[in-house]
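Same chain, two partners: subunit A is paired with subunit B first, then with subunit C.
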Partner chain A sequence: MSALSGRRRWTVGRVAHRLAVAVLVLWLVAPFAWMVVYSVYPSTNLRATPMSFDPGDLTLTEYADLLSDPSFLLPMRNSAVVGAATTVLCMLLGSLAAYSISRFRFRGSQTLLLSMMTVQAIPAIVLAVPLFVLMRDFGLYDTLVGLVLTYAAFILPLVIWMMVSFFDSIPVNLEKAARIDGCGRLGVLRRVVLPLSGPGFAATAIFAFITAWSDFFLAKILTGPDAETLPVRTASFQGLFAMDYTAAATAGVITALPVLALALVAQRWIVQGITEGAVKG
Partner chain B sequence: MAVRSGRSAIERGDRRFALLAATPAALTIAALFVYPLGYAVVLSLYELNDKRPAATRVVGLANYLQLLGDEKFLASLARTGVFCLFTVFGGVALAVGLGVLLNQPFRGRLAARVLLLVPWAVPPVVNGIMWKLVFDGSYGVANSVLMTLGIVDHRVQWLAVPDLTMGVLVFAELWKLTPFLTLMVIASLQSIPASMYRAASIDGAGSWQRFWRMTVPNLRGTIMFLLIVQSMWSIKVFDSIYVLTGGSGGPAGATTTVNFLAYLTTFSYLDRGYGAAMSIAIMVLVAVVTAFWVLVLGRRGKEASR
Partner chain C sequence: MPAPHRTLTRRALMGGGLVLGGATLAGCVSPSGSSDTASSGALEATGDAGGEISILDDNTNSVFKNGLIDTFQEQTGITVKNYEMANFNDLHDRFATMFAGEDSSYDVIMTWAGWSAEFGQAGWLQEISQDALPSDVIRPALDAVSWDGKVYGLPKFASVQTMFWNKEHFERAGLDPDAGPQSWEEFVAAAKKLTTDGRYGYTCDMGNPAGAYQNFLRTMLLCGGELYDSDWTPQLDSEAGVEAMSKLVELFRVHKAMDPASLQITNASDLVEVFAQGNTSIVFNWPFQWSVATQKGAKTSAETVGNGLLPGVNVRSASIDGSEGYAISRFSENKAAAMKWLEFASSATSQTEIVQQEGWFPVSQEILQDPATLEALPVVETYQKSTEYVTKRYGTPWSNELDQLLSVHVNRAMNGKEEPQEAMTAAQQELEPIVEKYLG
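Showing the complex of A and B:
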């Protein structure tokens, strides 16, 4: 009896479930995998009928070409700098503001928190022309500084929203104890609160980085040749009528790989961050 | 007395610290978000076309009135409606289904959930390129597969036929957004106690009944949240349209949703004032749709819990 129930039989329902999971996994992975295939085979192989996947034809020529092309390396460097700087700025200003909202009720703190969510609803297109004019007037058009500041303004609301919910879940008594032991207000934040919100902090920082790295619209409007970012450069590989598929696929893989790797390495934190946000909302 | 004044000194210090700590973030957001927003409102009251700079003048609400009779704008609204219908309802329904699927115990469940992060992490521009490789009319793998299976007998020009292009766009967006929605659904499903399901099946409820009577009502809050955020994202869609259609919103304007039309108006036709009015109309549209979901689902929720 117990042996029978221990090993569950393969019922029709179970088989259907596993099949559905298999289809799902294929759906999640195949499109990206196909782009990788496109980037390592000569296009003639993929355009033949039937397609030829001869391992002897595998080549990294396109990667070598792109990674030695200054007009591709500059956007790569720009994206890395902008992504890192935006994340640092957002986490610094964001944790300070979130801590202040979470711990000290001051006039306007709730309004401030609510406005954070409202900001999410505003489409970037509304701000495109004003931001362009603003950046031009301050000499920040087509500079990394201009882009970092703009991203910070767009990403900060989400960072503050997330950090407030993490801070709210940390008991205040710990901080009181630290204060009695002679820790200053900033010291409490740095030594007690931030270490305790570790996973939440990491998840929020990764959100900030991925958002800044992936943005296309604002970068397209606020940059020229100097501060061009990777998504803008990558998008330029496709034209209306002609497209160099191998180059586009390679640029696509290079653009996606850093954030993809980051997401998969930090998956536990990210899922936890999403989970806590969802349970709260 | 001395104790009281001591405490208030700490309180005063707290307040000063709180304000100081919140100021840099508030200033950044004010300078680069609130100020431009006000600027955009003012801009929308002007006739300002960079092709005819001499004709610049204040026109008040004329731009907004013009929107109401602008066939291109109304057509783009209709397209946005169609796109939202498929991506919002399709995305959320799919997410609930996939969430339930991935909430059953099976070996490799964790790995399957982690893979949900792949589409979420892929930048939208890369998403566009990916699907362009799949749906290219001449060399795309979609045609090769469909022809091998005998489903079609010629190469389909996916990105040259208006309805098909919209279909590809919906498909690409669903790939990108559904996994994230699914993660939210799974998070919410995990908060439903398993004992409830056991009790229900002991009482003789089938899996279909359990789904409709227990899972869906427990997900109500999450579903409302997902409908709201997905509506926001769908109305704002831009990157994948740009990449899939080579920046044209074509073929023949078939994928020019309202957000893309505002972009074209502002940056291709250089009609800054009218473009500003259009983008503010989009903002209002987002607000109205959000309010609609809150009112409709919020009230139903109250009725159900009564």
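Showing the complex of A and C:
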């Protein structure tokens, strides 16, 4: 009797748990799914009462139009370049800085680490004008280089923080062994530490890419027509008197797809990386 | 893209950051204006001008990039080095950043009543002398480029809301298709009769803060009210304010003649579509409603769309203004040439294109009186009549904050969560300290 009751409790609990997960997934996926629906149906179908989801009306015209429109392709290319360059720069500098902080004991290392995070607490809006003036005076306004440097300044501290925790979790004895076998400091980093912190490295790189790829506010302030990025271009489908929902939804899907693909491909690394970084070895 | 140029100073960096940070977080710029950046005097009429200018516009008008810039260059000898069209919603932050950084990259910027007030009060727009205003410009259209008695630009088109109705729906409902409702009572009666066949008689766009403000303000003006008294004391809880809120609530909740989608529709173009697809019978909308409702693909046509003055509650009519204009940046290094652009945009040459190609109302007297204008845009006739009645927008430096707070109470009232009186009293109490903050 009690075994049966226990089993029933277990079953009810399991069903409730799965239901809760299903609701949560639905809640998270619904906005994206709705955006996809908006991108493949003519807006007249969705404004009709009741809405019409006739499969015969499905169309990819907006995708074809946007992906052949130079004014959309340029921001797309800009976002890809800025995202990739920011990621490479941040991972290169961030790994070296994080390794130094993790392995070398020097005066002020913890203060340095903390102060980097303090900078993160300053709202971007407060830095908008100084950044604009800096970019303008160095001739970097509306350039991809200016945007990459700006993003790197914002993302690098977080990259360092994340990488420090990954490096801390790697036993120092492995490095000592490599040193005994003749590896120099950089050799140890390249041959031992980085391969062992691969999942963490991947998770951090993806985080850096997504942050740079999806930024809207700084790109809006620091770019004009030449270095315009995808989020800024997507927002332009809303005007003062009009909103092109289909184009905006299509651009939204196109913007989200690379991030989604990256997350799916690197899912295992991301989870592994996050859990590895959570505990010190 | 022009190469921005100014000298980098620590003061500019620190000051700019603080100004923009604080200002944008508050929703606007410098509440009391900044004396150190105040305009150094009104711009007088310009004689000869030359050189280059750069213009930052929104994406409402295409006629400039599609030929008018070339005409301007030929007429004046001034080179338009850069003409950039940007999304309206991005412009506010870009302008605020550029102005705070004392940037001279753009000589001319697009503006409307709210920004003219906000940036004008901050001292970031060049004031224009009354003597420098072209005599052909329709004076009420200057509202979009003025604040506190000062003019900061020239209008590029006029936009006033009028009433559009579907004549076929009227005929089927036994209403006179050629005469729209002349008063609010007639309008409510018609909207109730037209609410049939799974369709609502009336639809509006109050789904976002700006829309809620516009719909409320329009009704308040139709009730014969004023949003502020002569000292800028808000009048939301006045008799007219409460009556306006009550009329909207009754239309929706008592008469059930307003489409519930009205509370979700966030912009005029959606409303335009609802009407053009025959999904509602009456809308109060901007002039471009006409061109969309009569174009290919619409279920309405020039023969089936009626247009007239908005029906008043305590006055015959009134309306709200949505005009846009151009202003000159205080930091422009070629203000004389910039002024030439402003004059050109409001001139008969440009206005003809704006009316005939895009369906906006003209700001030039000559074009307004031209029979060709009426032929191209029949609703101009209603616009001419509307000039006999009050048309306001009340663009202020606190416009964003007002939109936000008012929309909360308008929505609560529309959903029955607050009584109209209660909603207006609360909105009044919230608005008073905001106005005080700006005007001191």
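Here, the second predicted complex is superposed on the first by the 249 of 281 C-alpha atoms of A that agree within 3 Å, B and C clash if a C-alpha of one lies under 4 Å from a C-alpha of the other, contacts with A are read in each partner's own complex, and residues count from 1 in each chain.
In this text, contacts are C-beta pairs under 8 Å (C-beta built on N, C-alpha and C of every residue); 3 or more make two chains touch, one makes a residue touch a chain.
Fair warning: this is a prediction, and the values are worked out from it, not measured in the lab.
Considered on the superposed subunit A, subunit B and subunit C are sterically incompatible, since they clash.
Residue contacts after overlaying the shared chain place A:L149 against subunit B, while subunit C stays out of touching range.
In the superposed pair of complexes, A:G224 makes contact with subunit C only, with no contact to subunit B.
In the overlay built on the shared chain, the residue A:Q238 is in contact with subunit B and with subunit C. In the superposed model, A:W10 makes contact with neither subunit B nor subunit C. Of the two partner chains placed by the overlay, only subunit B lies in contact with A:Y99; subunit C stays clear of it. By the touch criterion stated above, A:P130 is placed in contact with subunit B and with subunit C alike. Between subunit B and subunit C, more residues of subunit A are touched by B. Of the two partner chains placed around the shared chain by superposition, subunit B is the only one that A:M51 touches, whereas subunit C remains out of contact. Within the superposed three-chain model, A:I270 lies in touch with subunit B and out of touch with subunit C [touch as defined at top].
Superposing the two complexes on chain A places one of the subunit C stretches 146-154, 182-190, 272-280 or 398-406 into subunit B: stretch 398-406.
Where the contact sets of subunit A with subunit B and with subunit C meet, they give residues 43, 47, 49, 123, 125-130, 133-134, 217, 221, 235, 237-241, 243. By the touch criterion stated above, subunit C contacts subunit A in their complex at residues 1, 3-8, 12-14, 16-21, 24-25, 58-60, 84, 86-90, 93-94, 97-98, 100-101, 103, 105, 112, 198, 266-270, 273-274, 277, 279, 286, 288, 322, 324. Contact residues of subunit B toward subunit A in the complex are 13-15, 17-19, 21-22, 24-26, 28-29, 31-33, 35-37, 39-40, 43, 98, 101-102, 104, 106, 108, 112-126, 128-134, 136, 139, 141, 144, 175, 179-180, 183-184, 187-188, 190-191, 221-222, 225, 232, 235-236, 238-239, 242-243, 245-248, 259, 262-263, 266-267, 272, 275-276, 279-280, 282-283, 286-287, 290. Subunit A contributes residues 43-44, 47-49, 123, 125-130, 132-134, 136-137, 139, 141-142, 217, 220-221, 224-226, 232, 235-243 to its touches with subunit C in the complex.
On the side of subunit A, the complex with subunit B involves touching residues 17-18, 20-21, 24-25, 27-29, 31-32, 34-35, 38, 43, 46-47, 49, 51, 93-94, 96-97, 99-101, 103-104, 106, 109, 112, 119-131, 133-134, 149-150, 152-154, 156-157, 160, 185-186, 210, 213-214, 216-217, 221, 231, 234-235, 237-241, 243, 245, 248-249, 251-252, 255-256, 259-260, 262-264, 267, 270-271, 274-275, 278-279, 281.
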